[in-house]
Each structure stands twice: as structure tokens, then as C-alpha cells.
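Each structure below appears as C-alpha cells.
Next, two complexes with subunit A in common: one pairs it with subunit B, the other with subunit C.
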Partner chain A sequence: MKGGILNPDNGFEAAVKNFLKDVMEKADIDALLLPFKNAVGDSFEWRLVTADKLAEASVVPPVIAVNGARALSSITRSGKSAMKIAALMRPCEARAAIELSKLNQCDLEPVVLISMDCPGAMPLQDYIADPEKVEKEFEHAAREWNNELIRPICRMCDIFTCTESTWCDADIHVALPETENNAVAFISNTDKGREVLEKVGIGREEELGDWQKKMNARIEERKAARKKAREELKQHVTGLNSLSDTFGSCINCQVCRSVCPVCYCRQCLFNSVKVHYAPDDYLLQAESKGTMKFTPDTLLFQTGRMTHMSVSCVGCGACEDCCPMDIKVAQIFSIAADETQKLFDYIPGKRDAPPPLRVYNEQELKEYET
Partner chain B sequence: MKGKIGVFICECGPNIAEKVDVDKIVDEAAALPGVAFVAKHKLLCSEDGKKFLKEQIEEHGLTRLVIAACSPKAHESTFMKVCEEAKCNSHLFQMANIREHCAWIVENKEAATEKAIRYVKAAWRRVGYHEPLAKKEIAVNPDVLVIGGGITGIEASLLLAHADRKVYLIEKSDALGGKVNEFEKIFKNMENTADMLAGKISDVEKNSAIEVFTNSSIEEVVGFLGNFTVTVNKKGERTEIRTGTIVVATGYDSFDPLKAPKYGYGKVDNIYTGREFEVLNKSGKIVGKDGKTPQSVAIINCVGREEMGYCSGVCCLSSIKFARYIKEKLPETEVVNFYREMTLPDKGYQKFFEDTQEKGVNFIRVKSVTVDNSDKGPMITWQNDNGDEHRNVDMVILSAAMTAVNDAETIADMLKISRDETGFFLEEHQKLAPVSTATEGVFIAGCAQGPKNIKESLVQAGAVAGRILSLLIPGKKLEPEVRTSYISEAYCIGCRMCLEVCNYGAICFDALKHVSVVNEIICRGCGNCVGSCPSGAVQTKQFKDIQIHQEVVEVLR
Partner chain C sequence: MMPQVITIKKSAEEGIKEFCKVLLQSKKVAGVLALTRKNRSAYYSLVTDPAKMDETTPLAPVMPANAATLLSRLTWEEGPPQPIAAVVRPCEERAFIERIKLQQGTFKNLYIISMTCGGVFPLKLLAQGEIENNLPQYYASLNKAETVENIRDVCKGCVHFIPCNADFTIDMLGRNNDSECAMVVNTDRGEELIKGIEYSIEKRDTPLLRGHEDKKMKGLIEHREKVGEQFYGEYHFGEPGMAGLSSALYKCVGCHSCSRACPICYCNLCNFNSEQHDTRFSKFASQLRKSGSVRVPPDTMLFHIGRLNHVSISCVGCGMCEDVCPVNIPLGTLFSEISKALQSIFDYVSGKNPDEDIPVSTFEEEELTQVQ
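What follows is the complex of A and B.
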């Protein structure tokens, strides 16, 4: 892995902000999309700003309140603009943005998408309850790898960085202080990224071997953690009955759907008449099963959404963060997504991979034919 | 349940009756809500059966129909016709396949009967969710636009104009005739090309039904069978032509020998491609670059065959023709024809080859040939069972493969037709529909479809003319498919996935509303868009979610 290394004087946060300032000045960028602490101080929000507001931005906020892809989509999805934006976000957010761009729900043409090494995020509810405490914990947790206070979905995430084995298709990736001397490194993944780095005068040919070695070791750790989580979760979701129990506490608020960055429908199937049946049908079902739970479609909602999302799920954890019933939605979805994505050899958020619904491959799904 | 449902069980002679308890189905069906009439019949598709069906529909005022019989592939259209005659909308009808799916494959009669009952109930449940679909008719334009004024395009134009069709003939060069214009003679009778071609071109010019556009190319094609609008660009001047069908007769290009450096083309003097040699020959003087008459000429076959991966089937005969040109004009010149396999199908070509051998042309079968520079002119090296052999000649002719035209991709994109792995335009079916394409109303003929000689090209021109004349009849309207797809504006997220998977170009994007829209006239109801839509916005009439769902619910109950 090669990139350009900067040795910051005042820590990485200042280095990244300086870099963003340079990008704005030298690479003809009109605005920056960055996370900021909200006015009340109990959460973070995305703001489209000019360079003079940079100082207040949070480069690595402790929580993901709104997924960055949703913010970027809301700016770019309706029509073209000559305005150029640089957006800095976590790898899962950048991948969701790329996934949305494939569905024409986000236009990446005017965007320089910048991802960064992600230490994980803290549970949103914890932060709202006591921001100060969680901020301190995050500072500590970010330094100490795999701290137990980090969200479980993050502790099983293996695409938290950008190395040769774990690609992240943002234009530029920022490698945070794991390099020698606490340096910050910039890696370009696309022609656009290379051009920007050239304009701001950051080299691209410095070896990042040490950093990569360290990251590779962490990726292996995460892969093992993911495998373990998978085995544990499997016990709770195999078969209709255990699946039904796992999602049993679902109150059908559907907030997981609302916050999902890639849940792309304009109107949800589960709000439509398509899932409403005649009273007779419900009575028949109740009769044949002996009993029936109402409202009827909570499990159908969860499994249906899983079917819809699992090809594109980037494991950002937004659904789990906001579930009022503490269901392990993100962990279950993410693990199920692994299987679906493997089935179609598809990696969500990879730029040149067309969504499986768009391509026909005569050989695919052979194992399901009878 | 809406309306009065009639259920008819066909015994299909012994086919169904022996394996399924038809009376039991009748009893079960009679008990279903909304069913007003149930009957069985020995053979519903017979004249007697159809009459019975029509009478019962009318007598009982049936408004929805379930017929349990064979596969819909066999008789759906038969029964839909009866529905129409009996004034019952033919789409308020559903077939249950209790022959192929039950009687013929389930051994045990009891099990077969149970399965058949489930199928009948599924059809009954489904038909309650059917909606009447109205037939549509659209007026058509019988005119034809032919792209390519070569021998194929000319022939097709003449045949169509003879049947009083208006023809627009678009030619990109400044004259009609195409590549055949370059040939002095044509095999195998060595007749003068000019005699044949000039007659046809003058027929075109005299025919007021054919409007010729030379120096012109097509720029944009919109529309569908019976109603295309084609923008033609003639030296910057644009004309919009409305036409019902389009014939692609764009011919071929020759394999570029620079892509096969072993033949020395471009490096060694006095090497000509077949087409360059035709021009040289037609000028009347077969001479080398130095102006001297060649004492020896080598003709090399199969140039580009390996690279392209197919045999053009024409070059062998052209190479024999080249040898005959030389022997006619320069009887003293030695001619050596290097070939790998002689492709001489059809009657008469074998004799053409033997006659040419008798005229002193030396045919040498080789495994491979290369051409290099030497101080005595081109040096040929060939390999056969005896190893390598060499000799010098004064001139080399490369008989090159026929390839797809350079702008084939642009044309294919404009017309929404496909190309195969060779680059030529792809026919709808190799044997059953060799001149049709996936786009209804767009036809291919001659070398546009693949390498061909003149005779084969003319045969295809005739085939296209016949297809067009029987497809679009002036004054007769077209009945487009009514089981088409439609997109809900409320659900569509404007991702345009459906545009990419539609093979018929039936979907476009409404940028203002940010949604995709189906053109119901072009749509053939294949359902690709339904499967690709990530947000469930597309449905196909008669295959709506609710209809399929209700059917499945009943089968699995």
C-alpha cells in the first residue's frame, strides 16, 4: 500500500482539517460535508459548510447519528449542480453512498468522497444519556483497540480501513495515527482522488508497510470475531420459531427502516395494501395455527426487509442504534448479508460492481435449482 | 367473490379422466364461494366442447371462468377466443393445468386428484383478482426504411417497392452498389458485375416509390414496429422519416491484415488486400508499385480466420476468382494459391475450382504461411508436412475474412438490436427467424447478419421483403400485447435499473417526475423489469403480486 504521509504538529484532527482546507482552496471544492456537534450538545449532525467553519467540525465523532450517505444523498439526488463537495465519513458511510449512487439515489460526480480509518462508534443511546462520559470513553476506546464499550456491530466489522485486502472505494482514504510517529497518511483510490492529492501537493508513493501490517493483523482479528458472532447469532435465528422469538419483541415501529442508509424505497411495501389481507384470511390462518399474533406482520417485516437489504447492507449499525427494543438488528442483518453477498459474489459499496438485480448470470443460484 | 364464476373440468379423453377423479373436483369446485356453475366435459377444445362452453357461459351469465385442462401453452388462446365470442372478457379467465402437472406425472390417483383440486382452487382464487383488460389497436405506417444501398439493400428495396411500398433507401457513400461495385466480375460464371448491378441501380432510380438518400447516415431511431421515426443526416441536413419497419443491410468490412503482421502487409511492397486487388484489376492494369507486370502472384487464403474465429465461406471462391482475373489478363503469369481448407459448398463451385486448376493455377495446401521482405520482392514461407518451404513472388494478394462493419455498435445501440460474439448483428433465431431481430420491426439482411456471398445476400433480401409484406398490411391495425408492465409513480425511486434490463427499449425515464415509464405499445410483458425493480414499483398486468400471491396461498393452504 502506498500513499502520502504528513507528520502533524498538533495531532491528527488538525492535520485532517488542514488537509480539507487545502482541498477546498487548491482542488476547486465549493463546500465541505462534515459532522458537527449539535446545538444542544447531545448528538452530531451533518452540515454543508465552507472552510471558515472547519474548526468546529468533528473529524471522528464518537457516534453515527445520521448516516453520512443519507446526508450526501439528500444533497445530490435531485438534479445536477456545478457545485463541488468534499465529504469526509466512515468507511461504512462511504460504502453506503456508493451503493446509493448505483441506484441513482446519490450523485457522486460532484463529490470527492473521503473515508477514514474507523475506530468504531459508541452506542447512540449511551451518548444521548451522558455525552461527556461517553466522549471520554470514546477517546479511550478509540486508542484501545476493540474496547467493549464500542458497538458490537463495530467490533465485528472488517472493513474499517482501506488496505489492499480490504478495499474501500472512496476517492481518498485517510489513515489515522497508526503509522510511525503518529503520522496521518492519505491514500488515493480513484483518478479523482489522485488528482486531488496532486493538487494539494501530497505525494502518493510513500510505503505504508508498517501501517498496513498493523491493519492486516486487526482485520484478521475482526474476521475471527465476525465468525464467532456468526456462530452465536445462528443459534437464535435458525428456523422460523427461533427467528420469531428473536424478533418477538419488535413493536413494528419501523424506525430501523427509516434510518437505514440504503433502504431505498419511496414507499414501503410493509405500509402498503399488499401486505393487508381480508379478515377471512387472518381467521383461516389463526384457525390452522391455533393462534395468531397481532399486529400480524412484524416477523414478515423483519425478514422482508432483510431480503430487500441484504445484498446492499454495509453493516453501519444505524438500525440497531435506534431500535427501542434492543433487538440485535444490525448484527443479524449484517451476518445474513454476508451469505447473500457471497451468493452473488457482490461487495456492496464497490464502485465497479453492478447490483445483482441488474445482471443475469446463467450459472448463479444453480445450487437452488432442483 | 366478484361476479359469477364458472368452473369447467376437461377430461381430455382418457388423458385426465383415467388419472384424476374428475367428479370429486366437480364436487369440491361447486362448494367454493362465488362459483355459479360447474361442469365436466370429454374434450373442451373440440368443436363440440367449445360450443358447450360458449352456451354455458351465456346461459348462466358467467363473468369469470376457470378451466381445468391442459397446459395454457396448448389451449389458453383457444379458450380465450371462446370467452370473447361469449362476451366474457378473455382476461377474466384462468387455466389450471391438471394434465401435465397432475394426471401425467402423479402416479397415485388419489394424490393426483388432491393436487388437481388444489390447482383448481388456486385458479378460482386467482381469477377473483383478475381485471378485465381491453384490446388495443394501433394504426401502422407500412413504409420501409432500408439502411445500406449495397446489393442487399437494393434488392430488398426493389421487391418492396414492387408491392407498392414506399421505401427510403439510406446509403452513406455517394453512390448505390456497395462493395459489389468494386468487383469487375462475380464468381462462378465470371459474368460482368456492371451488367447485373447497373440494371438494378437504374430500376431503383426509375422507381418513384423508392426515395434514395446518398451521403446519408441514420442519427436517431425512436418508436416501435409500425411507428418508427428515423432521423437521417445528409451532409449536415437532417430529415425525419416516419416508417413502419427498418431493414439493416449495412454489409461488411474486410479484416484488417495489419492485425496479423505475419502476412507482411504494410511492411512488404506489392502486398494487396482482396479489395485493393479488385480495384487494381478493375482499372484494367494488373501491375506492381513499380509499374511492372508481375511474373508471379501468390494468393493467400484464410487471412484473419484464426483472429476472428470463424470461416467467412466466401474468400476461397473470391481467391479463385482473383486467379481467373490474372489468368485472363496475364496468361503467362504464374499464380499460386495457398490455402488451408478449400470451402466449396453448393452446386457448381467444385467445378469452378477444378476449371481454374486446369487453367494452370497452382493450389498448394499449407498449414501456415508468412510473408517477409527480401531483395527479390516478397518472400513466401509456408509450412506443410515436408517442413518449411520458401519462394519469391512479385505480388501477393491477401484474401481476408469478412468482418462486421466498424459502426456496427452504434447502429446496434440506435436500433436496440444485439450483436453476437463475431460482432455481426444477431438474428432472433438462427433457423426459425434468421432475418428478424429482438426488436420487432427491425430486420437484418445480407452481410450485416454474417459473411455471405451475393446469392445468399439476395435470398435474405427476399426473405426480409416477404416478412415485412406479411407483417404490416396497409390499413390493417396491429394488436399489441395487453398484458404489459406498468410502473407506479408513487413507488418508483428512479434508479433506472428497469431501463437496463428491458430488451425491447420499452421503458424511458421521466426526468421531471424522476420516475421510469413503460411504453405499453412496445412492452411485451416479459417481466424482466418486475424482477429487477428494487422497490417493487413495477407490475405486469395479469401477473400482479396480488394475483400470484393469492394463487400460491391457495396451492399451499
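What follows is the complex of A and C.
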């Protein structure tokens, strides 16, 4: 892996901010989309800012309060942007943004998408309960790449960086310091990214061997963790009975859907009159077993949502972060998503490959034909 | 009419189950909507088989959903074809009355069984499997007509714990219900329903239920009023204007869960999720030029203030919004206190009187002259 290295004087945050400042000045970028601590300091929020506000930004916030793809989508979804925007986010957020652009919910044309090495994120509800404690834990987790502390969904994520043995389709990827001199490296993945690095005078040909070696080891670790998690989680979702146990405590609040970057429908099918039946139907349904769970649609909602979005699921964990009933919804969806994605040989968040449900292929899924 | 009282020689929960069983067995109702709690999960069940009543826990002090939302679906549009009885809490009953006024349900073929309410535990406690441990102290406090520890904040400040329009009310507060419980028949239709049922219940014609005038109840109401205000003050909502409000709402992640869980927010597609509220890029650009910084996604405050506008005249303070909020914004306290203030302007109490129209749906020539 090759890229450009910056040796920062005062930490990597300052180096990244300096880089972003340079990008704005030299690569004709008008605005930056970055995470900031909010005005009262009890959580984080996305802000679209000009260069003078850069100093206050949090380059790697401990939590993903709102998925960056949702932020980017809300800016670029309606109306062509006359401005050029550089957006810095975690790899899963960048993947969601690319996925949303394929689904016409996000315009990446005016955007330079920048991702960074992600040590994982902390559970949002834990952070809200005790920001100070969780911030400290995150510092530790990020420094040591301690997998114990981060969210379960992050522990099993193996696309958090950009080495040759993984992939990243953000225009530019920021490799966080792994060498003794605290160097930050910038890797370009697209023509747009290469052009930007050129304009700010960052080379692209320096060897990143040490960093890559360390990252590759972590990727292997995470892959093993994912495999193990898959085995453990499988029993919770195999067959209808275990599924209904797993989602038994679901109260059908549908927050998983509303915070999911991929679930972009304004009016979810499962929230529409389409799933409302006449009172008589409910009574008949109840009579077949003498009793029924009412609201009746929690499992239909979960499996329906899975059918709708799992091919595009990037495993960002927003659903699980917000679930009031602590259901392992992200872990389960992510594991199920592996299967559907494999079926179509599709990787969400990769540029150029169209979402499989958008393309007609005469010769596919033969094994399901009767 | 002097209210009839039914005494059942069973604990309150078993008594309600027994009563519902009898209603089902005698075909007085075709179904019963009642809560079921199992370990970490709780949900409403629609029961048609009397034997299956045993699986329910109608008095479990949790609220996985405000039943008004479910009753709306169960009575949509003309009411169920056969009678149904529902065991719900006073705030659920009040929310349903508001929904009826909003043409989202009907009392036709629906009988309400309610109770003097000790409040419910937050959903987090349910998710963590902590309900069982909290039950002894719940019933101990209930027997003494005191506020239970660990219940939802809104419940601690709730003064509407005596149901107003239930057909049947179980007397829970300030009474030991371990081996015998009392149920008041409040309405003519309730009396009509149980006519001709022969079973082991004792009917009396003296009211047992402690009403609003009862000393213990009065004391609790006064105490609760203070607590509500105190909560409101603690969260600095008291600070007038946007400052206090926005400080509490900064951490909002825009999931709109509060609106989905709200029994009054019945719109299938919320105005604030509609295309109408998409922000054009040009607006981002002009705001950026003005201040150099725009929060994204935008309009967090607009959503909450808009929702306050839409629901506060009917808000019953059930606390569902607060319980599902992933970032612990004290929305229940905020909404119920503001609603109280708004409703008092119109001399209106949401869900209290089914025959009274919602003030915003009526025209009065002579009102609010002070804001003209």
C-alpha cells in the first residue's frame, strides 16, 4: 500500500485538520461536513462548516450519534449542490453514503468523500449515560485497538481500514498513526482523490508497510471474531421459533428503521395502512391459537425490513445503538446480510457495482428455480 | 345510579383474569386485550380462549406500547363485529378517548377495564430483566397509596391516576389486594354487560373506590403536582424561550421515535418526514454564508416544537416518547408540563370527557382575546 505521509507536530487530529484546511484552500472545496461536539457537550452532531470552524471539529468522535451518510444525504438529496463539499467519516458511514448514492438518495458528485481508520465506536446509550467515562474508555480503545470496549457490531467489523487486503472506496482514506513518529498517511482510491492529493501537494508513492502490517493483523483478528460471532448468532435466527424468541421483546417502535442509513423510505410499508386489517381479521387470527401477540406485526416487520435492506446493509450499528429493548439487531442483520450479499456476489458501499435488485440477470439464482 | 362493586376473592391480577375469563366463557365478549409480560419482553395479547387468560399479566407495571394505538387498530373503522374488553391504564384510556375525538377509533363494542394506577417502570428496566426484582416494592408502595420508586418520571408527577371513563375499575391504590380485590362498575353499559352472569362474585351497592375527594388520593395528587413541577424545573425547561429548550434537545438524533410511540401522533406519514420538509441545498448554502456553520440534518427544534404544537392539546403524559428516546431526552416531562399549561388555557383536560370536543376543532368567537 502506498500513500502520502505527514509528520504532525502536535498530534494526528491537528494533522488531519491541517490537511482539511489545505484541501479547502487548494482544491476548491467550499464546505466541510464533520462531526462536532454539540453546544452543551452531551453528544455529537454533524455540521456543515466553513474553514474557520474547523478547529472545533472532533475528527474521531467516540460515538456515531447520527450516521454520516444520513447527514450527507440530507444535504445533497434535494437540489443540485453548487458547492463542493469534503466529508470526513468512518468507513461504514462512507460505505452507506456510496450505497445511498446508488439508490439516488445522495449525490456524491460535488463531494470528496474521506474515510479514516476506525478503531470502532462506543455504544451510544452508554455514552449518553456517562459521557466522561465512555470518552476515556474510547481513548483507551482507540489507542490500544482494544476490542473489548467497543460496540459488539464493531468487534466483528473487518472493513475499517484501507490496506491491500481489504478495500475502501472513499475518495481518500486517512491512515491514523501507527509509527513511532506519529505519522498520518493519506491514500487515494479514486481519480478525484488523486487529484485532491496532488493539489495539496501530498505524495502518493510512499511505502506504508509498517502500518499495513499492523492493520492486516487486526483485519485477521476481526475476521476471526466475525466468524465466531456468526456461529453464536446463527442459533438465534435459524427457524421461525428462534427468530420470534430473538425479536420477542421488540415493541415495534421501528427506531431501527428510522436511524438506518439504508432504510430511506419516508413512509415504510410496515407503517402504512397496508398492514392494517379489519378487527374481524384480528379476532379470527387470535382464535386459531386462542391468543395472539397484538400488535401482530413485529416479526413481519423485522423479517420484511431484512428482506428490503440486507443486501445494502453496511453493518454500521445505528439500529442496535438506538434499540430501546437492547435487541442485538445490528449483529443479527449484519450476519444475515452476509448471506444475501454473498448470494448476489455483491458488496455494499463499493462503487460501480449496481445493487443486485436493480439489474436483471437471466442466468442467476438457478438453484431456486423449480 | 349507585355504582356496583364486585368483590372477587383473589388477588387483583388474578381477579381481573377471572373476570375476563368469565366474560369470554359467557360469550359476553369475543376477545380480551391484556398485557403479557415474560421475562424481558412485554406485549399486548388479544385473547379469545378463556384458558389462555392464564398466560397474561394484565397488571404488569410496564407499557411496551400505549394501548390507545392498538385499540385504534382493533376498532378501526366501525368497531369490532363482536364486543371486546381491554385492560388498560388510565393514560391509555385517556389517549384512546382523544383518538376517538380525532376519528381514529370508537367505543362501539369495546369495554374498558382500568385501575387506579401506580405507574409503570421504564422500558429499560424491562430490557434489563429488572421488573421481577422491583415488584415487591411496587405493590408495597401501591398498598400505601404512595409513589413507587423507579417508575417513569412522568408517572411520578401524574395526577390522573384515577380512570374517568372506564366501564370497570379495579381499586389498586391504598388497598391491599393480595387475597381479595374490588372492582367498581362505573357505567350503565358495564352494568348491562355483566347482567345475567352467574359466578362467584359478590355485588354491593356501596362505592368502595376512593375517588378524587378521598383524603389519601387528594394528598397524592397534591404531592404529584409538586413533583411534576420539580422535574420540569430540574431539566431547566423552566428557562423561558429557546435557550432552555434547545439545551435539552441538542443530543436529539432525529429518529422521530417519540412521534411513532406517541398515542396521539397518529399520522402514517408525519409532516416532518414528508418531502415538504426536505431542505433544499440552496438553504444550506445561504445559512452557511450567514453563520459559517449548519447543523445537519437540520430542523431538530422545528420538529419538536412542531410536534408540541400538533399534540400538546391532546397529550396525556403517558411517557412513551421518553421511554423510547435513545438519548434520554426527558420528553415526557417536557410534553406533559407544556400540555398541562396549554390545556388549562382552554380549560380542557385531555381524555377526561368523551363528549367534549378538542378545543382546536371548535370555534368560539369569544376566546383568547388576551392574545389578540
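We adopt the following convention: the second predicted complex is superposed on the first by the 364 of 370 C-alpha atoms of A that agree within 3 Å, B and C clash if a C-alpha of one lies under 4 Å from a C-alpha of the other, contacts with A are read in each partner's own complex, and residues count from 1 in each chain.
Basically, a contact is a pair of C-beta atoms (placed from the backbone, for glycine too) under 8 Å apart; a residue touches a chain by one contact, two chains touch by 3 or more.
As the structure is a computational prediction, the values presented were derived from the model and not from experiment.
Participant: Would you mind checking whether subunit B and subunit C clash or fit side by side on subunit A after the superposition?
Facilitator: Overlaying the two structures gives subunit B and subunit C room side by side.
Participant: Considering only touches as defined above, state whether A:308 meets subunit B (first), subunit C (second), both or neither.
Facilitator: first
Participant: Should A:325 be classified as contacting the first partner (subunit B), the second (subunit C), both, or neither?
Facilitator: Second partner only, subunit C.
Participant: Regarding the shared-chain residue A:78, is it in contact with subunit B (first), subunit C (second), both, or neither?
Facilitator: both
Participant: Is it subunit B or subunit C that touches the larger share of residues in subunit A?
Facilitator: C
Participant: Is A:103 in contact with subunit B, with subunit C, with both, or with neither (first, second, both, neither)?
Facilitator: first
Participant: In the superposed arrangement, which partner chain does A:271 touch: subunit B (first), subunit C (second), both, or neither?
Facilitator: Second partner only.
Participant: Which of the two partners, first being subunit B and second being subunit C, lies in contact with A:290: first, second, both, or neither?
Facilitator: After superposition on chain A, A:290 lies in contact with subunit C alone.
Participant: Minimum CA distance, subunit B versus subunit C, superposed model, integer angstrom?
Facilitator: It comes out at 9 Å between the closest C-alpha atoms.
Participant: Which residues would you name on subunit A as touching subunit B in one complex and subunit C in the other?
Facilitator: Residues 78, 266-267 of subunit A touch both subunit B and subunit C.
Participant: In the complex of these two chains, what residues of subunit C are touching subunit A?
Facilitator: 30-31, 33, 36, 38, 40-49, 51-52, 55, 64-65, 69-70, 73-76, 79-82, 84, 123-124, 126-128, 246-247, 250-251, 253-257, 260-261, 268-269, 273-275, 278-282, 284-285, 288, 292-298, 323-324, 326-328
Participant: Taking the touch rule as given, give the residues of subunit A at its contact with subunit B in the complex, in rising order.
Facilitator: It is residues 78, 102-105, 264-267, 269, 274, 281, 284, 288, 308, 355, 357-358, 360 of subunit A that touch subunit B.
Participant: Within the complex, which stretch of subunit B touches subunit A?
Facilitator: Spelled out, the residues of subunit B in touch with subunit A are 490-497, 500-501, 514, 531-537, 545-546, 549, 553, 557.
Participant: Provide the residue numbers of subunit A that touch subunit C in the complex, in ascending order.
Facilitator: That would be residues 31, 33, 38-40, 42-43, 45-50, 52-53, 65-66, 70-71, 74-83, 124-125, 128-129, 248-249, 251-255, 258-259, 266-267, 271-273, 276, 278-280, 282-283, 286-287, 289-295, 298, 321-326 of subunit A.
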